[in-house]
Amino acid sequence: MQKIPVVVAGPSGYTALELFRLALRHPGIEVVALFSRKEDAPIGDIHPALRGRVDLRTTILRPEAIPKGAKAAFLCLPHGTAMEAAPMFLNAGLRVIDLSSDYRLKDAAVYEKAYKRPHTDKGNLPRAVYGLPELDAAGAIRKADLLANPGCYPTASVLALAPLFAHDLADPSDVVIDAKSGVSGAGREPTAPTHFPECNESLAPYKVAGAHQHLPEIEQILSLQAKRPASVIFTPHLVPMDRGILASCYARLTKSATRESLEALYRDFYKGAKFVRILAGDALPSTKAVAHTNFCDIAVRVQHGRALVFSAIDNLAKGASGQAVQNFNLMFGLDEGAGLE
Amino acid sequence: MQKIPVVVAGPSGYTALELFRLALRHPGIEVVALFSRKEDAPIGDIHPALRGRVDLRTTILRPEAIPKGAKAAFLCLPHGTAMEAAPMFLNAGLRVIDLSSDYRLKDAAVYEKAYKRPHTDKGNLPRAVYGLPELDAAGAIRKADLLANPGCYPTASVLALAPLFAHDLADPSDVVIDAKSGVSGAGREPTAPTHFPECNESLAPYKVAGAHQHLPEIEQILSLQAKRPASVIFTPHLVPMDRGILASCYARLTKSATRESLEALYRDFYKGAKFVRILAGDALPSTKAVAHTNFCDIAVRVQHGRALVFSAIDNLAKGASGQAVQNFNLMFGLDEGAGLE
Amino acid sequence: MQKIPVVVAGPSGYTALELFRLALRHPGIEVVALFSRKEDAPIGDIHPALRGRVDLRTTILRPEAIPKGAKAAFLCLPHGTAMEAAPMFLNAGLRVIDLSSDYRLKDAAVYEKAYKRPHTDKGNLPRAVYGLPELDAAGAIRKADLLANPGCYPTASVLALAPLFAHDLADPSDVVIDAKSGVSGAGREPTAPTHFPECNESLAPYKVAGAHQHLPEIEQILSLQAKRPASVIFTPHLVPMDRGILASCYARLTKSATRESLEALYRDFYKGAKFVRILAGDALPSTKAVAHTNFCDIAVRVQHGRALVFSAIDNLAKGASGQAVQNFNLMFGLDEGAGLE
Amino acid sequence: MQKIPVVVAGPSGYTALELFRLALRHPGIEVVALFSRKEDAPIGDIHPALRGRVDLRTTILRPEAIPKGAKAAFLCLPHGTAMEAAPMFLNAGLRVIDLSSDYRLKDAAVYEKAYKRPHTDKGNLPRAVYGLPELDAAGAIRKADLLANPGCYPTASVLALAPLFAHDLADPSDVVIDAKSGVSGAGREPTAPTHFPECNESLAPYKVAGAHQHLPEIEQILSLQAKRPASVIFTPHLVPMDRGILASCYARLTKSATRESLEALYRDFYKGAKFVRILAGDALPSTKAVAHTNFCDIAVRVQHGRALVFSAIDNLAKGASGQAVQNFNLMFGLDEGAGLE
């Protein structure tokens, strides 16, 4: 397979590291340039795991530094910075896969409230395609030139709940999502809450009761599935582990359903989705069973008139860089699972 | 203070280890005998942490081995075994504090269904007092001679929700308790799910949708508070840490309430409860903030017509041995917090 | 590339799981049969991570169950069992890669003392080739039909020390290897020391002062390099993490050397070894930088007349299944790094 | 017991938190003031674990803010800051227990080289007493008014090796100390190496080959015991756990010795030392067995002419605040173990 030349902007975080790992084993990706605020830093110094494996140095982003022939740009930049970089790549003719949240919310006003900053690239917002392949019935991802890669919590939550709302089985205004994330989800910047002796051997909720910036993204997608506004109680928790998200979802059923009927529905809904596994029997998702994979494991139960749906993903894989590669594969006509096993 | 002689049955598990630690610094407790299935094992071999600190050896339990003068027996035995031992201690005139679940459920049939074994001491069930001091308005604990020490999940869950139901503010048939526990809650017996490389770096629900044996205990106490039957969705999760329980509770409000009104209500409800801390401002409970203490930290929020209540305890302290000592203090007329700081 | 059909015996442990993961992305390996003591168990039930990815069921091992056309057998069996199975595969014409210790020690008497069991396949011992590719100057691995895959501690320790002894720079009778391993090195069988609440948040040495079964293997290989008997102080420690080995080695220098001269020597010694990285500057090995890779990272320092050599590997990769694949690649004429990035 | 009023300077770090926990259960300590760079911060905001348990607010340190009647000052300040504060307390008539390294090294030039800063209180250096009670045969601690509380690594290392050198059994110029520490040893300031996703699931050496600032302290004390200069190879490692230090020490024996003879020697050396436990039989130290205690567990073996000595402490207890309380007890004529169980 001829490799497609791509560039990576923002190479120093965990999503970039994961992307490099995936790119190394992907038959169709060749990373040809790294854009950073720092000039000429070897990637092996930034990520010791990449020493001797990736022989690239960073360059400061400016239009003339974009290699001719590069076809795609993966943006692993922080929120707010991605929307400054995206237009430059689009203008240079590259297709952009943005792992930040800058193009995920269709309504700039919602973005500005959630992220507490102005949206500086409203012009490109309409052309952005939300890249959750399992919900892309229309195939918009394949044609996207600006792809908004979903957030980690939204991916786990939406994959868990979409079948219920798409089939009008549950009340989109009575949903609890109790989600738990490993610490890499907080990024690579040292902070007090992510200092080892603070978060190790501890479990705590944070940004509860509507305060988390991923909530509008979850509600946007669930509303689309439900064809009416979803209002969600979303509680994220920080768990002392490197990776993984588990979403425990509780949705009030509006039609009668059993575990068996829901499992059948889910299997049908995700027929052909190679990265969703509906668990059978007594099995329940665990973050370990999906670690370092692009899978989303889902189990369904029914109790007291509610559907209980549990989903697990690796926040850096299906929740970020794995999904980005999956989207890349679709955008460039490769096998959806190329490089993802 | 003159020390009260006590005995411990079942010294090899984690609740016993925690009890020894607490007893060592308690001004009024002296452990005078250990009862086990093994004869003559030094406690320092069973718990290396106790080497050189507790100079006791195990004895096989039989009536004549109970030291004269012993006033209380702490039962750290597995479920099913405690109810075999309790009568022997009661007959010998000791007051019994049972850390197992054998005397927690008032209805033996409910016990037998939840624990999948016959109840073999129904005769003593009526005299057993459920030992959650913060809900013991009548002071029954002080007079108990058979005290059923609450389970870890029930302690965290019930302390979080009792004020709502006691004041008829929430619907006891529409409650979700999403609870998370450290691994010591599973006991000291090695099993596949608690093997380090299986549960480390992983998070998973277990015994969901009504399967956990603590659910009837939670429902029993919440029903008493609500004065009508509570039916609860309870999801326990296993978290890769040694100790701690966090309960994230979601209850539908039946009367209008704000965060502020609920906080005021909780402060009033737990006025005088020295081990409950109602958090103010932005603070949210974490298991680390209560680790190795007898505290239960609680925070309340309101969203979409639901009360969100988060509570954290140390499962081995307030969730087991710390609460047992608190109950002991009450039963023997000591300061409620003696030995618990 | 046409895939080479292989079989796996002993599919339920961690080395087997890692082998499956590597095989899934290897361009030249196709697993065609699994041999176990259990008949007809789907591999996805044994390893939830493999659900939906590997569609194979176990078979009980007997000669007629070995698929015609299979070229190689990976033995992920426990010590003692591997030497019962190996002859059957050899007789059927397969080349055997044994991940156990059964064929590593050239002297059966040393094996029997270290492993406290009789060696039951002495006949095949002479033909076994010790598979540490970086030390296989003669290319014996390429021709092996019975390959003894090195142990995890020996791999880390020997790669750290071999250059010193091969160049007669250090005294092989004055060496301290202080090694630390993640818990997966202890296997998948639940035991008291690997029960989460016992080993989490703890660090301890074990099998010290000559008691560890890997010591004779380390001494055998170092003696070959030094061309005289090596006697080693080897202290393994259990570290609360899933994977990784770090060996901190202290060898008395017999000739004058500086950090710079040793680094140059190491770079030269491992020239062409694609999985050994000699770290420069201030960098020191960490198990995280090699996790999920086949690399061995090495750093050298000199202090008080000793060489200090630090090496890190992933015990399940370069310390087990990754190295097994590397050996497979060599044995079957593939690129040494195929499937290993 | 009448409580002795003490003050704490530097209340925001982990040693201060541990000190508060110990003070809470100590029968003879009452903390009456907290000195910090911040004015009027409640301690419960700084350490959530102390909410509702310690009702104190910080004050900026100046002479007139020191409460009359205060008898002792615990300095939990960073290195460099402690020596600015100590004179003020000494002048006010308080006895000072300094948990920093500012007064541990007798030779200011050695301090200045190790800590890369000038020593600004050389005048008080001679009166400082190094507070390792188990080695204080002369009872200097009891009379000290400026006590230098030992470092965590030195405490573990020196207690392991002192008996050998005091009895001239080992060569002080041929010693390897391979030490491992939990992450709280690095302090409470968030940094890249202590960011959870960086150090969790990882093990690595740091500051090797003479670079660690604790090495001169170790050599100073061992030299005193050996009555000649000790030169030590000291390798610290960072371990993914909250607390605990394990020192694995390798010393070349200069006289013939057996495990049994050394154990007898150690027992004799530490006769009466209530916080040193010499392990017997197969037992080996683990950090878990000493966690949250003031114990130092030690085991001795002999191999290839070397004594192998393993010691474990809790870095925040015997390695910092526990030892500080032990010193306080001695200084004020209390039972050495008061408040430490």
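When the chains are written out, they are named A, B, C and D in that same order, and each has its own residue count from 1.
To be clear about the criterion, contacts are C-beta pairs under 8 Å (C-beta built on N, C-alpha and C of every residue); 3 or more make two chains touch, one makes a residue touch a chain.
Quantities reported herein were computed from a predicted structural model and do not represent experimental measurements.
Asker: Provide the labels of all chains in contact with chain A and in contact with chain C.
Answerer: The common neighbours are B, D.
Asker: So which chain is farthest from chain A, going by the mean of the CA atoms in each chain?
Answerer: D
Asker: Please pick, from B-C, A-C or B-D, the pair whose interface repeats that of A-D, with more than half of the contact pairs identical by residue number.
Answerer: That would be B-C, since it shares over half of the contact pairs of A-D.
Asker: Need the CA-centroid distance for the pair chain B / chain D, whole Å please.
Answerer: Comparing mean C-alpha positions, chain D is 36 Å from chain B.
Asker: Quick one: chain B and chain C, Cα centre-to-centre, how many Å?
Answerer: Those two chain centres are 46 Å apart.
Asker: With centres defined as the mean C-alpha position, give me the chain A-chain B separation in Å.
Answerer: Centre-to-centre distance between chain A and chain B: 39 Å.
Asker: Residues of chain B touching 2+ other chains?
Answerer: Within chain B, the residues that touch at least two other chains are 182, 198, 200-201, 240-242, 286, 288-289, 291.
Asker: Can you name the residues of chain B that touch chain A in the complex?
Answerer: Touching chain A: residues 173-174, 176, 178, 180, 182, 198, 200-206, 208-210, 231-233, 235, 237, 239-244, 246, 248, 250, 284-289, 291, 301-304, 306, 308, 310, 312 of chain B.
Asker: Can you check the complex and tell me which residues of chain C touch chain A?
Answerer: Within the complex, chain C touches chain A at residues 24-25, 48-49, 51-53, 201, 277, 279, 283, 286, 288-293, 295, 297, 341.
Asker: Under the definition above, what is the set of chain D residues touching chain A in their complex?
Answerer: 14, 182-184, 188-192, 194-201, 240-242
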